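Structure record follows, encoded as structure tokens.
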Amino acid sequence: MNKIRLGIVGGGGDSLIGVLHRIASQMFDSYEIVGGVFNPNWEENIGFAKEIGLKTDRVYKNFDALIEEENKKSKDERMQAVSVLTPNFLHFPMAKKLLENNFNVICEKPLTTTYAEAQELEKIQKEKKVVFAVTYTYTGYPMVRQMRQMIIDREIGEIQKVDIQYYQGWINPVIHDKEKRSTTWRLQPEKSGISCCMGDIGTHAFNMLEYVTGMKVSSLLSDLNYVYDDNPMDVDGTILIRFSDKIKGVIRTSQIATGEENNITVAIYGSKGAIKWQQENPNFITLLLENEPKKILTPGHLYNSKNSLDITKLPPGHPEGIFDSMGNIYKGVAKAILNKNPIAGEYPTLEEGARGMLFIEKVVESHSSGNTWVSL
Amino acid sequence: MNKIRLGIVGGGGDSLIGVLHRIASQMFDSYEIVGGVFNPNWEENIGFAKEIGLKTDRVYKNFDALIEEENKKSKDERMQAVSVLTPNFLHFPMAKKLLENNFNVICEKPLTTTYAEAQELEKIQKEKKVVFAVTYTYTGYPMVRQMRQMIIDREIGEIQKVDIQYYQGWINPVIHDKEKRSTTWRLQPEKSGISCCMGDIGTHAFNMLEYVTGMKVSSLLSDLNYVYDDNPMDVDGTILIRFSDKIKGVIRTSQIATGEENNITVAIYGSKGAIKWQQENPNFITLLLENEPKKILTPGHLYNSKNSLDITKLPPGHPEGIFDSMGNIYKGVAKAILNKNPIAGEYPTLEEGARGMLFIEKVVESHSSGNTWVSL
Amino acid sequence: MNKIRLGIVGGGGDSLIGVLHRIASQMFDSYEIVGGVFNPNWEENIGFAKEIGLKTDRVYKNFDALIEEENKKSKDERMQAVSVLTPNFLHFPMAKKLLENNFNVICEKPLTTTYAEAQELEKIQKEKKVVFAVTYTYTGYPMVRQMRQMIIDREIGEIQKVDIQYYQGWINPVIHDKEKRSTTWRLQPEKSGISCCMGDIGTHAFNMLEYVTGMKVSSLLSDLNYVYDDNPMDVDGTILIRFSDKIKGVIRTSQIATGEENNITVAIYGSKGAIKWQQENPNFITLLLENEPKKILTPGHLYNSKNSLDITKLPPGHPEGIFDSMGNIYKGVAKAILNKNPIAGEYPTLEEGARGMLFIEKVVESHSSGNTWVSL
Amino acid sequence: MNKIRLGIVGGGGDSLIGVLHRIASQMFDSYEIVGGVFNPNWEENIGFAKEIGLKTDRVYKNFDALIEEENKKSKDERMQAVSVLTPNFLHFPMAKKLLENNFNVICEKPLTTTYAEAQELEKIQKEKKVVFAVTYTYTGYPMVRQMRQMIIDREIGEIQKVDIQYYQGWINPVIHDKEKRSTTWRLQPEKSGISCCMGDIGTHAFNMLEYVTGMKVSSLLSDLNYVYDDNPMDVDGTILIRFSDKIKGVIRTSQIATGEENNITVAIYGSKGAIKWQQENPNFITLLLENEPKKILTPGHLYNSKNSLDITKLPPGHPEGIFDSMGNIYKGVAKAILNKNPIAGEYPTLEEGARGMLFIEKVVESHSSGNTWVSL
């Protein structure tokens, strides 16, 4: 049995993120879920473990017990990686302890609640040399990987303009109801940190931008919207960004874009052409080259980039979805854990998670200081 | 552990159908793959089992050994279901033996090589009362289930016209090359039965039509295309169909629709409106109602039918793909095996598999007899 | 003034076809509408002429008066062309008389009510050598012209499969109402000839097929649907067609495709690729070439064919519509009338109109004779 | 003859704007082009007039001659309206003189070169009470009118977020070529005023936003891109906008969005839903209402708003294009000139043209002052 022994913390009950990670981890026969802590309540914890068909000997009362008991096991028995699917504020203490105890870590985003915490994790990882992935799910789609490769290979020339959108509408019915907006945890700073919209989806948009361009945003200016005076959390925001004085763009995010489901769009314009992608139709990218017909690329073809073909499971015309996308991230992590020559971009790194935290803080800083430019 | 013990026959090496079934079976924590026969060659068989992380104690030399050894096991140990992923001509003997030995069966399509064989399986199943599923993969998409429910609920009124397309282009480079067309197994009657295009994709189209309408085609008239005189197998065909003298339609299939990937489209027109779906964008259906705006439905909403919500894993905007579709079929089979009140349409039945075989024979008969009407 | 002096017969009041022809004729500064007979009722006729800003000296009481009076005028005064927009059964006698009197003719489709009449017109035209256009409107779109050129230039190789659709839903509310279906003129043979669906839209589909391929259909087999026994006219039909024993396809037409507006689609598959177009998004064609990304072509680019650029008025991104399409046909007719080197395909000819009549008769013959093959 | 006597200044030769206005003015039988000044060169001027089939008696040597001679004519002879299609810097002096001489004016955008000039025109118009239209072409599409009506009727509730895009790529090949960028008139301040991208397309986007919402932008913050230090003109810019402290949005414009044709998109989000439109597919709007399927509206239906039905010429499924859109603006102007109860929104007014000039100046001011908020 050469499967990686995986533990999971959080994600029990009817957690959606739990389903996503469990299915993703099983996709490529690379992981075996051996145990974890799925729920703070013991009855629910053990009940859930049985429900998903786990043996219960490695289902632990709590996170500390997991660390303690797993540490007692031999190298061939011990969990090799742990997925952290708990509420945001628990990411940092758990990830830290896992790092300190030499576990490979797969952590949901946002990585932590502050950039300082993220930096601390980076520091520890450097010593420990374990694998640490932050699950920016959308970077696992074959056509996002393809897009990244084409941009890095300069198929659209030098980048000169970028435009990323992440629009949802789910907060609309919450925000206009005084009662609901005061009780939703996403809108409570003590539970969600300093930002709602930026922390939840702005980070995805920001990561996507840096992921597909292979470049770092140098400065930003943001305008957030809180809609009501009694609401302490942003639910919408537009962020002007600059890679340099000559390369500019915009990140547009909203949770009050009523009626939108999960509408992420990417448009990167270069000196030779452009490339565009939409999450709700993830198996297509549009390539615009000057004076040529518009081109639609799909996965599984001879013309696809190696990094997309590596993660395309079936021939053209067999659509993949978000479970496949997360599965591809788990696949990349497995390669890294097993030292099978992972290449850049196969899974989102701790550094990317930390950049996301920096982004959140800088966006809020820019807005609070009267919509001024801040450097990253 | 309450997982169904699953065996797999075929699907080893880099078999695409193998990947599809393995991932699908793991999606809902309902099955544990306990063994099987993945490859006729023992080295490859055992090697593959290890590669996918299986214990090798229930990896068998051949199909007969599987039956024999599993029969020796206790009720709590024995495989409960076996997935048959072998070449078409092996479906019948294997499925028959599995039925006779009281295994639940999940069989790839086309079910058999003749309708007579299919009828024989039906006869045995009636005695044995096990579950038998035929994996018409595309019926597992949430929006196909939704479409079926809406049509059955007469949201578009009484059906008056149907139009189903299944266009691929993959045989184009084969058919025009004399050498290739004589060596491709799909074009060899001894390996593929009496039809290439109808057997491979026509059956899918036909099943989809009867699945979403809940009605039975009563007669058909076909025109097939073999393109070259030395080619014994159809690679394209249009089939006029009738549900009755007043309810007509067409099934259009091709493997020489050059450039098409896997372009299945469904359009069902009724007395109040119409409903349309496309496999390459499977998370959308279009509803046309007279004098109303066109409507686009997606999964996961309050407005969705129960049978689609039951198999939608995430909120709106998180696209599912073909692995999820097959996973939903495995989920339906699991409900049937565990007697958890499966409802009609949760998995494609043996009867549907047999109808598919009848369809193939009738289409070839109609064509051979000079494009005349034949009854089903 | 070098404008062609145009007369119009029919198309008064709130006639939609009248608006279409008037606007189309004015698009390229090529025609001046000098008079005509817009309405059988004199008051309405003269009133309408004033309403559209015409001088009334050449508004005639009836068609015969028009011929008589125009014949008296000098060569420099006389109408050069007459557009025939009257009900179908009047097309033949009027077109005939116009031909006999040496007028160029622009006639709505269907050309006549029988193929014999169409042949008679062809015979006269051969003697008279005037220009005769039949307004198959959809062939005037730049991207239809582009498609034709690319197919003729064999950019998709040798044609091997064709599929044309023309689906509308407008008869649905009529057909199910006994009163309505007995009083609608389209469903009365004495007014509409032998066919409703084939005569009205089937001809368009058939013409489009022969227009874009540059080939002639050699035989067909049809299945029509009349839906009710008391309804004498087809409202739906699928037609298997063959260019040869090896090149086959289908024409699908319906007026009971409930909810469809004017959904014409063209898909032509060749040995190298395919080309597809949809009337409701007329400014795009899709080109599929094996092993290449799908390509979307739009008008006005360097890569466009000459025959599409000739009729594209603005740079890329400025959508044209159906008025522009009809305008392009009028432009082609003007080139022919003025002997400005018209090229094949710039307007639909009398021969194309006659082929359309032959098609209608053959489709009904095939259906009536029990869905058998008939030659064209 | 009840047609409005129209003169045209500019638009000769192969001017694209000339074709657009001529065709548009003829669409509804409302105008007769009686003369004008098409070209500063007399030979070309008179030649062009003949080419488009005009009598030459009212083709004038220059603009002053036009005013002088037309003023001599009787009320029943004199031009009633003049379309100004000359280079931008001539709009103001010509429009001013036309106003002073009591002509109705149809003027291309941008209205003038400074806001001060625009205000001067407004002042004169108030005295003269003639009709003055500024041809923001895109507001003439039936589905833009529909969108406006639905938003004003609060079908999507109270507006809470807006997002307008106008992306083109045409300057890309110019901007990277030192020679070209110094010789293109759009990039020369003396010819184009203070802005390239904002003046040419930003004004369209801004007008569209205020047109469809019926609201006024209160402040903005812009970030422009000049790409090269030696380039004095913006070719790209993102503008944060606010209707109020709680209602925010963004206008995104670019001429270096390589590969884009004329990609205008509108997305308006309200408390109940959203509405979206795209210029390159102008006959569709998407309506998103919470918990309902997405809806696609097209023109010509019973469900359409009166202001869209008024300008839809054919039944559903017959696409209209940009010539029709401009034609609808001319139709609105004709109603105003003839006092036929024009309603708000039937043509873009002088006030809207002036708002556009204010917008340009404010965007440049915001950028120049370090990306700060400025009020409108």
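As written, the chains take the letters A, B, C and D, and residue 1 is the first residue of each chain.
Here is the rule we go by: contacts are C-beta pairs under 8 Å (C-beta built on N, C-alpha and C of every residue); 3 or more make two chains touch, one makes a residue touch a chain.
As the structure is a computational prediction, the values presented were derived from the model and not from experiment.
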| item | value |
| --- | --- |
| Third chains touching both subunit D and subunit C | A, B |
| Comparison of A-C and A-B (more C-beta pairs in contact) | A-B |
| Subunit A and subunit C: spacing of chain centres that average the CA atoms, whole Å | 55 |
| Rounded Å distance between subunit B and subunit C, as computed from the means of their C-alpha atoms | 43 |
| Distance from subunit B to subunit A - Cα centre to Cα centre, in angstrom | 35 |
| In subunit D, residues with contacts to at least two other chains | 260, 294, 298 |
| Residues of subunit B touching subunit D in the complex | 287, 291-298, 301-303 |
| In the complex with subunit B, residue positions of subunit C that touch it | 156-157, 160-161, 163, 169, 172-173, 176, 221, 223, 225, 227-228, 236, 238, 240, 242, 246, 248-250, 252, 254, 256-260, 267, 269-274, 288-290, 294, 371, 373 |
| Partner subunit C, residues of subunit D touching it in the complex | 1-3, 16, 19-20, 22-23, 26-27, 29-30, 32, 50-53, 55, 168, 170, 260-263, 279-283, 298, 313-324 |
